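In the two complexes below, subunit A is the common chain; its partner is subunit B in one and subunit C in the other.
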Partner chain A sequence: MSDEEKGYGQSEEEQRAVVMGIDFRNDGYMLLTLLVAVYAAYLIGGLVIGLPFRGLMNQIGQLTFWIGVFAMAALALNLHWGYTGLFNIGIVGFMAVGVYVTGIISKPVFGSGTSAAEIGGLGLPLWVGILGGMVAAGAIGFIAALPALRLRADYLAIVTIALSEIIRFSLLSDSLSKHTIGGYTIGLGGGDGVILDYGDPLEQFIRALSFPFDLVLGESGWLWNEVYLGILVDFVSNYIPNNPKPVVDNFAYAAVLLVILGIMYALILRTGNSPFGRVLKAIREDEDVTNALGKDTNVFKIKAFVVGCALMGLIGIFWFGTQGSVTPNTFRPRITFYVWIALIIGGSGSNTGSVMGGAVFAAFLFQGPRYFKNIVETVLGNPEAPSSFGQAMEPLLNGGIVEWITASFLFTLDSIRQLQLFLMGIVLIVLMHRRPDGMLGHRKEAASSIPLTRPLKRSGGGDDAVATDGGEDQ
Partner chain B sequence: MSEASSSDEYGSAGSSDLVNGEVDTTRVPLKVENLEKRFGGITAVDGASFEIEKGSMTGLIGPNGAGKSTTFNCITGTHAPDGGRVEFNGEDITGLAPHKVANRGLVRTFQIARELGEMTVLENMMVAPKGQRGEALWRSVLPYVRDDVKAQEREMLERAWEMLEFFDIDHLANEYAGNLSGGQRKLLEMARALLTDPQMLLLDEPFAGVNPSLEERLLEHIHELRNQGYTFLIVEHDMDLIMQNCEKVIVMHQGRILTEGTPEDVRNNEDVIEAYLGGEV
Partner chain C sequence: MGESSTSDRTRNIDVEMVMRALLVILAVVLLVDLVRRLVTGDVTISGVLVLVKDGLMRGLVIGLAGIGLSMTYSILNFANFAHGDYITAGAFSGWATTYTIAGGFGSAANIGSLVLVGAGGSVFGGALGINTFATPLAVIIGLLVAGAFTIVLALVMDRFVFKPIRDSGGIPLLITSIGLAFALRYSILFVFGSGTRGVTNTGTLPGIRPYFIDGQVPLTFHDLVLVVVAGGLMLGVHVLLQFTKLGKAMRAMSDDESLARITGIATERVIRATWLIGGGLTGVSGFMFVLWKGTISWNDGWLLLLLIFAAVILGGIGSVYGAIVGGLVIGLTASTAVIWIPSGFARAAAFLVMILVLVARPQGIFAGRSTA
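Take a look at the complex of A and B:
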């Protein structure tokens, strides 16, 4: 990005990014500081406790993956809610559409590979599948938007959450699960889900990147075979002698996600900081006024909604597309609310805030508690936890206070996945009370492609100049 | 139909008045015929007809519930009329969507100033201009084309500042519009409407809740704009204000046009006095 892009609509004083009283020079530094802090916390936690290197690296790779996924999702949601005021609580439905369509397009054709019970796909290249998944998610968004966007915000919320559940139940449905037509078995897989046997996405991606090198060197998949496997994985095997490839794969995939996050961030920043983004903001503030100013608000709303839904589809593909298989019950509304929490933490309306919210949510609310459990268990030498609340309370009857405290602590630690939701709820309530704007929602981020400062005048107008300065003091 | 009252600026009525039996649209941009609007069993507007002359300042008055705001809403597309016809610059705009009406140069303001609160004053202004290339998503995102968008934004920004200076609210440019006082919001709303390059402005109670000194300023601005060639139709409760500032007054009562004419005509009209004082006796 050029220097001019960075400032956008903010006056010079407002370009500084202040979070929690700390003054940063710009958004880039702020994001970098946050990421460094998060990784430092993870590394220090792991090293002090003496977590095995492999485990630590896996945790860091996982963390990066979650940061990428949640930051992207928060960005897409920010386009809906932060900019346009579209209350979408069906995010997970669009993710499901994305990954399912990708799977079906890119799976091998029936009969050419896996078991006969599995459904067949179209056998097209993965990039076609990803594109198809995005288009399908956008198309579903369009169909939902047509009737719903004519209604007020809360009705859109009802429509979207219902839609996401309809999608999940359709994927679960027996009648759509498997059909054999002309010797081919097709369908949505029902409760068994779909096996995503289109090959390793990371390998395919690197092989695709390798294309120009292959042309020059006359090899096939040079970047994958020679550089990735030959140099990178080989190098890591010095530190992780036993099967290093999965660890490196995790890292590489997460790194690719971060790069895509960067691209998405830049594009959404451009979208927001433009006349288009300005009209979206105006619709959020008052649709009737925007309409009376000559803007066809329905068209703007549909565009924003469809683009956001397509992005959610893409994020669904990145999130679930590497797990080997998907089942419908993964796509419960819980995931939608995770994304909402990430956006609220970051501050809706701010793109930088969305990324920060995604990172903070991933690091401290999503991955954090599990990592904490991991660390504490390692310290305690992986003790056996009581299997139920009753068992945890049992020592109390026998009068063993110390045993009781130990047992209930271990039980709490063991239930951390359940308690995580509890923790998220508390954070949400405290945020709503103390800081409803999130980390960056309070910032004035004027939507325009150029800084909205007063153009230089030819001459005179001394009084006016004084007046302008007065106005920017706040 | 109503006879357009004699206006000094377009005094040479006669030759240019009728072209092939039709009213010359350059003289009469807005023409409302037999407008009707019902809400359930209530007839809010019951066959209202009037014409607005170019460059004029016309007041639309009437007691509460006379149908003034509904007439406004039917003209600007906020409501679809149940009957009748609205013509602007010779084109039929009956029942068009609000944004289409606005894009033809007929722009309204709202009774209660409706600023875009969590946007700065300058952002509010920049929303308004028509034909912004950057409103197409692909132009905003793609490189090279975006430079074009930026160039246009620079021009618009200059105009927006000029307009803010004209209304003396340029010192508030980077303030959130929601932090403005009631009167400043009215100024902002008018300034914003003007940036759409309208030919005619429909002002819905522009002086409601405005203190006297600001009212004076607002009036000055309106007169200055009128001298520049803008046409105004103003809905207002304050009789005196309308009588002193408009050259033509339309009086509505119970959804109908009671009378129209110069302020003197209207002031002396028995029906008007009766409608306002409610004396049916």
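Take a look at the complex of A and C:
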């Protein structure tokens, strides 16, 4: 993580990990401090209220899942917007393509086994499905990129959001819902969606990891049977006696996500500092100049767009692939909006910022309000809330101020899932007014491969520093 | 971005030529197919006419709402994604008024239910007998309130949301407008609830069902009202922009803002006038859309927004005629597309037309005629 510190084009001062006036020694500490603070807030909140241990652990597991998902999504978007300046607001469409294609490839064949699903799949292993989902999302990105990348940023925005809606309408359509092609009964399921009955992805993943151990020990699925179920779940059952496996599953899946997040972070960082990444950043700064320097910017833009779309497909699979089923109307543009807020909070252009933005968004804007609702309802003993705004306001007509305050508070609490979108909108407006660069956006990496900053003052070397300035003050 | 080198520009023009040729071929193929199916009796002439009428009505709403979007797009240089929710806000403010008046200020039903446009099925527009023929006063006042409320909303939002970052460029403004769109939409959802409800009484609404060659083409009084209101407003805007100093100032500003300011145009005042005209038309279009289709829902405007963008881009940003023509084209596309493709793809077809137009002719069909 300290690699980004070596990023060029920043003065010593700007490279420091400074957020809200606090100087962290490097990005790793900064991220760690943030995560510790978030988890501490969640734990303390739960413990003070006396949330049951199992509920608390579920919340923490979910929080980790959301942090992983949003951090990854913000990273992928950073490749589009932060690096290349491609204004993609069709993220959710690529996620949908990823998870649907994975489903179709990896679902069991129609009519086989005990599956009650309306439509079948190709029955291939899950890893083939995931690969297929990524390729499909990348391919859709390629088709969209060919004509669209010639357009202005705001036109590209409109094209990508229209594309994501076209994808949703296609998933909803009756005419694509069920077909028999080459002996396989497959389809997109229409409004009912697709049941993802390809088995537990976590179990399949751990069983796959177990392969070398199985060879040595001559067992099948040793890591899953003996280590995961035998040791880990058994250990947790000391604390959660009643059915501990789902809780452990949550944590294990979230941990896998965090590991993949780490890999993705390292890869994107490496890409960003490679000659390829420097061209992307140059396109962001000035496409005409990059073109004049002999780089075919269209090719670079298409490549960056396709890679980002494939990553979005992968994130879609991680996000929705474990939920048992998907329906088209899950993939509304609001999910795109979530990812954009995460990126803007962190600061577009900075990878560490993207991860931090994802974590902050997941903890305080996405999961936070729901957790708050959970806690308050536990404290108040799950009171009955008014079912509509009208009922909440009714006491006002009858003169009961206290009743009115109670009723409107309960109604507000009850509609927190809608209100949190209102809140996110306000946060986005305030961010664009006050901190358009986000937490770390000021550390935007420059496109050059050599430092553009003035060298430290040497004795007697007064004016020669100007020559190495590159003419541009970062 | 855009044209950067000679070779690049030549290639762009090549792509545009190819796309245009493809569009023409597609149109010819579809027309031939339509004639074939009319001859074989696969589709009826009256059936096509019903779709065309539906498309034209939708197109009028899209065009009317598009004028405001087009004006702010060309003068303030950003795509306002909150525009769709201005439409919804206008519709709800107007219909709350209409409900309250038609419900006799609480004598026909609970005043709270009336103000909340019958949230949660507490009171129905059909039961109140609302339509332009039976309760003209309630509808007209509702229409005026919808326009006035949206003007105030647009001006207030401009003052607090857009004005502080006016100079930071199109993309930050666009992102901010997405934030505003979500804040507005979900506050409407919070107050008015998520149910889609019928607001008009179509039973007492006069209409004619003329027989045309091979079937009936029903026309209602609300079709007529929509044509009169939308047509009148479009004409009014045309006169306003063509023959007043304000129109000239707007055209100057959309060409070059600093130059306009140097020549003594009070740019902030022009911006306010833009929001005023655009907001008024938007609110009215929202109210009329609901009156015409007979139902209201919290995401009506958002669902219309992309079609409006399609219309505005098709017509050329900044052009009022463009917005109107673009609206009619998009409305017709979305409604007649079902002749050839499954109805689930009708909206997708309109978006596809927009993408094709962006690629084939990014400057739109009325390019170069800002606010005229």
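Rule of thumb we're sticking to: the second predicted complex is superposed on the first by the 419 of 474 C-alpha atoms of A that agree within 3 Å, B and C clash if a C-alpha of one lies under 4 Å from a C-alpha of the other, contacts with A are read in each partner's own complex, and residues count from 1 in each chain.
Throughout what follows, a residue touches a chain if its C-beta (ideal position, glycine included) is under 8 Å from a C-beta of that chain, and two chains touch if they have at least 3 such contacts.
Given the structure is predicted, the values throughout are model-derived calculations rather than measurements.
*Asks:* Scan A:L124 for contacts with subunit B and subunit C and give back first, second, both or neither.
*Replies:* neither
*Asks:* Classify the contacts of A:R152 with the two partner chains as first (subunit B alone), second (subunit C alone), both, or neither.
*Replies:* A:R152 contacts subunit C only, not subunit B.
*Asks:* For A:S415, is the partner it touches subunit B (first), subunit C (second), both, or none of the two (neither)?
*Replies:* So A:S415 only meets subunit C here.
*Asks:* After lining up the shared chain so the two structures overlap, which partner does A:S170 touch, if you call subunit B first and subunit C second: first, second, both or neither?
*Replies:* second
*Asks:* For A:P436, decide between first (touching subunit B), second (touching subunit C), both and neither.
*Replies:* The answer is second: A:P436 touches subunit C but not subunit B.
*Asks:* Which partner does A:A292 reach: the first (subunit B), the second (subunit C), both, or neither?
*Replies:* It touches subunit B and subunit C both.
*Asks:* A:I186 contacts which: subunit B (first), subunit C (second), both, neither?
*Replies:* It touches nothing on subunit B or subunit C.
*Asks:* By the touch definition above, which subunit A residues appear in both interfaces, subunit B in one complex and subunit C in the other?
*Replies:* On subunit A, the overlap between the subunit B and subunit C contacts is residues 288, 291-292, 297.
*Asks:* Spell out the residues on subunit A that touch subunit C in their complex, using ranges where they run on.
*Replies:* 87, 89, 147-148, 150-155, 157-159, 161-163, 165-166, 169-170, 172-175, 287-288, 291-292, 297-298, 334, 337, 340, 344, 387-390, 393-394, 397, 415, 418-419, 421-422, 424-429, 432-433, 436
*Asks:* Please give the residue numbers of subunit A that touch subunit B in the complex, ascending.
*Replies:* Touching subunit B from subunit A are residues 9, 11, 14, 267, 270-271, 274-279, 281-282, 284-286, 288-297, 300, 303, 307, 349, 444, 446-450, 452, 454-455, 464, 467-468, 470-472, 474.
*Asks:* Would you mind writing out the residues of subunit C in touch with subunit A in their complex?
*Replies:* Residues in contact with subunit A: 1-2, 4-5, 8, 12, 15, 19, 78-79, 110-113, 116, 119-120, 122, 161, 164-165, 168, 170-172, 174-176, 178-187, 189-193, 306, 309-310, 313, 342, 344-345, 347-348, 351-352, 354-355, 358-359, 362.
*Asks:* State the interface residues of subunit B toward subunit A in the complex, per the touch definition above.
*Replies:* Residue positions touching the partner: 76, 78, 97-99, 102-103, 107-108, 110, 114, 116-120, 122-124, 126-128, 130, 132-137, 139-141, 146, 149-150, 153-154, 157-158, 161, 165, 170-176, 192-193, 196.
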